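Presented sequentially are two complexes of chain A, the first with chain B as partner and the second with chain C.
The block that comes next holds the complex of A and B.
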């Protein structure tokens, strides 16, 4: 399930369990491609939560998360970051990280 | 469907040269001309307009002496004797530009003939000599070969600064004469940004390519011929997130990779960075040298300010010449302590072209860029200097002494933040080439040459090459443009200067990885916008896709054979390269991208080429047969 969230919405989320948070920009080609990759990931993992945060509109949140560029993928479990990937990544790489936080 | 974009299909240069050679050899066999009626072919291999071939037969075996007459006097003549035979194909090198050059062929039978051979015009805008100072007594009929650092061409100058050799192909990086007399340099075929070409080429000075050694990790910066003829070649693995950090040994006959060395196994990547280091290009290997005495390899890493020596067999580091600041404690044992006159001692920074002298001394071109490990102490280029330097190292005491340098006193006038080389000719006899000089309104430019816009007045780039003997400048050449390296070579060598036979493509290109996800977007029958300037160049083993895209646009090339699709993602983000050792592949409009796709990566059979731009997939009308 892919949901766009802003900072207040992110803060209000139930962060129990695994989830992926993607920081992206609307002006970024790799981010746009990553959007399609995440749709692909979502198809094979419809119950897994994916949240997208626009980088430029949520500066406090991106600073809080230590995110310096886009796209950045944070793999979280119970509200804590377990790992992150920076830049455009392909589906198998993302699925591998998702498996790690699901276990 | 008609083509809606530009599609250019051409044979590989080797294929075209093979064809040209067969044609003129067939003329020789069919006509069997005598010396008197000899066939003269100017630019026989299509890429050297200052070369020719004289073809004729003799009834009896005869030796031929070829004289390319100098412009001014007999002392400038280039003379070469060819072996005895009855079928003669004499390579003529060094035709003068813009005039007919007198060439004499004299046979051992007593027959002789003069030819007046007109060279082909040189391309517009080539780099020319600005100043040269030397003597015929010193320099002789040698030429100084300069290899390009941008869209300029490989060019050789005689003692008067006349251009006597040029290739109309933008070959890359190092040039060396190998044992069989041929030269080996980088192919002109684009493969990967910023400046990687498909591999090495071995060619003669007429321009005939005998072999192209294609490499999956491409070729960059330097190569070295081993005693058995195999080649050490700087390369990388593009599937990794780092570049310019591997070395391979190529089989000279087959192009096969025989072994490799990975610098990530030898050195930490996130330490001791120069001012140009980033995670991706952490080492920036720009030179390789093999030392027979101890079977070691020495490499130069610009982005760690380090000349590193390691064992050929084990890959274990032996020593490192460079400023030890910033290296971890457990690596300090590899560094040297300066001794001798410390008031004159300087470490090298962002150096190029390491050389091991016969006595074990280490030479390099010390570019000096930043000239510190400490950001607060970085020097501006106008306050800096570049030089050739020689260090004496004691690997038992781990001491280093600076024993010679040239260039420090010249300051910014000789400063090059990138490229350049030194050569050791003998004790006290050296070449120092500062090929990357750039000017901004009279001051050393802070930009690399490839980024300096020459259409603005007040900007300039040039190159200076010096030969010294016992600290006396015996040769000085200043030319337009930036040139990567300088190498002094004689036009003819003692081996076969022009053997015939088909050139070959060896090795293989990388299988271009496709992007696993192809966005499901509307396919339209509309033409892609002319603004995108889509152009597809196709040759025997790859396509090069060119296109212009807005920053941040989603873009992809899709190859569709009807049953299988492969997508190749195009990154439209701005890229800031901290090193640009050759600007050959840079575009004036940085929104223009080019992407190499090897044919081995394409779906089988006939593939339609489609282009995804933002939210739609456009047809191009181009079909590639794989």
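The block that comes next holds the complex of A and C.
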């Protein structure tokens, strides 16, 4: 399930378990295409939580997460970052990271 | 993805490959379109495309998505695969994929893998690639707000992205091997920006810094061979494109890394076609890529039909 969140909504999330947070920009082409790939990831993992955060509208949150550019993917488990990927990535690479945090 | 044989496999889902997929499906070919990342190719890094007619001025990624949706609606299959080789078995070709060792059989292959940004290959580049050195101003420019940045290159991409970056950063230094060679209006606009300095006719020597990028050292190609070091927080490289057809090397169809085709987009190997930025050609644009894709698919379909007779 893919959900767009802002900073207050992100802070209020129940972060227990695995989830993926994508920082993106509305003006960024690779972000648009990564969103496209994530929709495909979501189709094969409908119960896995994917959150999208707009980079420029949530600057304090992106600083807090140490995110410098977009798109950036944070793979998280129980509220802790396990790994991150920067830039447009292949679907199999994303799936591999998801499998790691699911176990 | 079905496992049986395809009529045509298209490698690369940029504008050329996507166009080829629509023409192939409409010619009743069982068609599979492969890309290692996502549809779109180079255009996803372009903020505005204003010279592809019929869609006005459009964001590159948006155009890619619209093209992909049209390809899907036509009936082309799509999958995420990195192709490592094409094997020639006469009337049958085998497309070998990296991820799961998949071997996809078909009668004809259309190579539409395009190009990627060229790298300088100087000391320090690998250390800071993706963390100080970037190839996408739209993606990574925001982190350099109020900071000092160097752009390397003087062609259209370098100048257009420099104009964009100069509006964000404190000081922008453009270092180029020759003079600025972009559209004259764009060059004039860049030169007139108060925070921009241009150093033409320079060779980049190295990127400086230990834990983080701190500067760029370069040398004049004029007789004086003056060396300069510019301190900076980030670098953006726009020094051209390199072809992505290494996996075709064993087929003997390459010409300095690009694929040589005839006007029907046929390569020297029967059953292997190519189109778009990967072929030897004069003008690499969305419009020409789409035209190439249509021609390649038309002739690939004719080739497949000829095998059935």
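Going forward, the second predicted complex is superposed on the first by the 103 of 103 C-alpha atoms of A that agree within 3 Å, B and C clash if a C-alpha of one lies under 4 Å from a C-alpha of the other, contacts with A are read in each partner's own complex, and residues count from 1 in each chain.
We take it that a contact is a pair of C-beta atoms (placed from the backbone, for glycine too) under 8 Å apart; a residue touches a chain by one contact, two chains touch by 3 or more.
The model shown is predicted, which means the values in this text are computed figures rather than measured ones.
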Superposed partners chain B and chain C on chain A - clash or fit: clash
Which superposed partner A:69 touches (first chain B, second chain C, both, neither): second
Greater chain A contact set [chain C / chain B]: C
First (chain B), second (chain C), both or neither touched by A:54: neither
First (chain B), second (chain C), both or neither touched by A:42: neither
Footprint overlap on chain A, comparing chain B with chain C: 25, 27-30, 32-33, 36-37, 40, 88, 90-92
Touching residues (chain side chain A, partner chain C) in the complex: 25, 27-34, 36-37, 40, 55-56, 68-71, 86-92
Interfacial residue positions of chain A with respect to chain B in the complex: 25-30, 32-33, 36-37, 40, 88, 90-92
Contact set on chain C toward chain A in their complex: 36-40, 43-47, 59-62, 64-65, 68, 80, 82, 99, 130, 134, 136, 138-140, 142-143
Chain B to chain A touching residues, read off their complex: 515-517, 519-520, 549, 551-556, 569-573
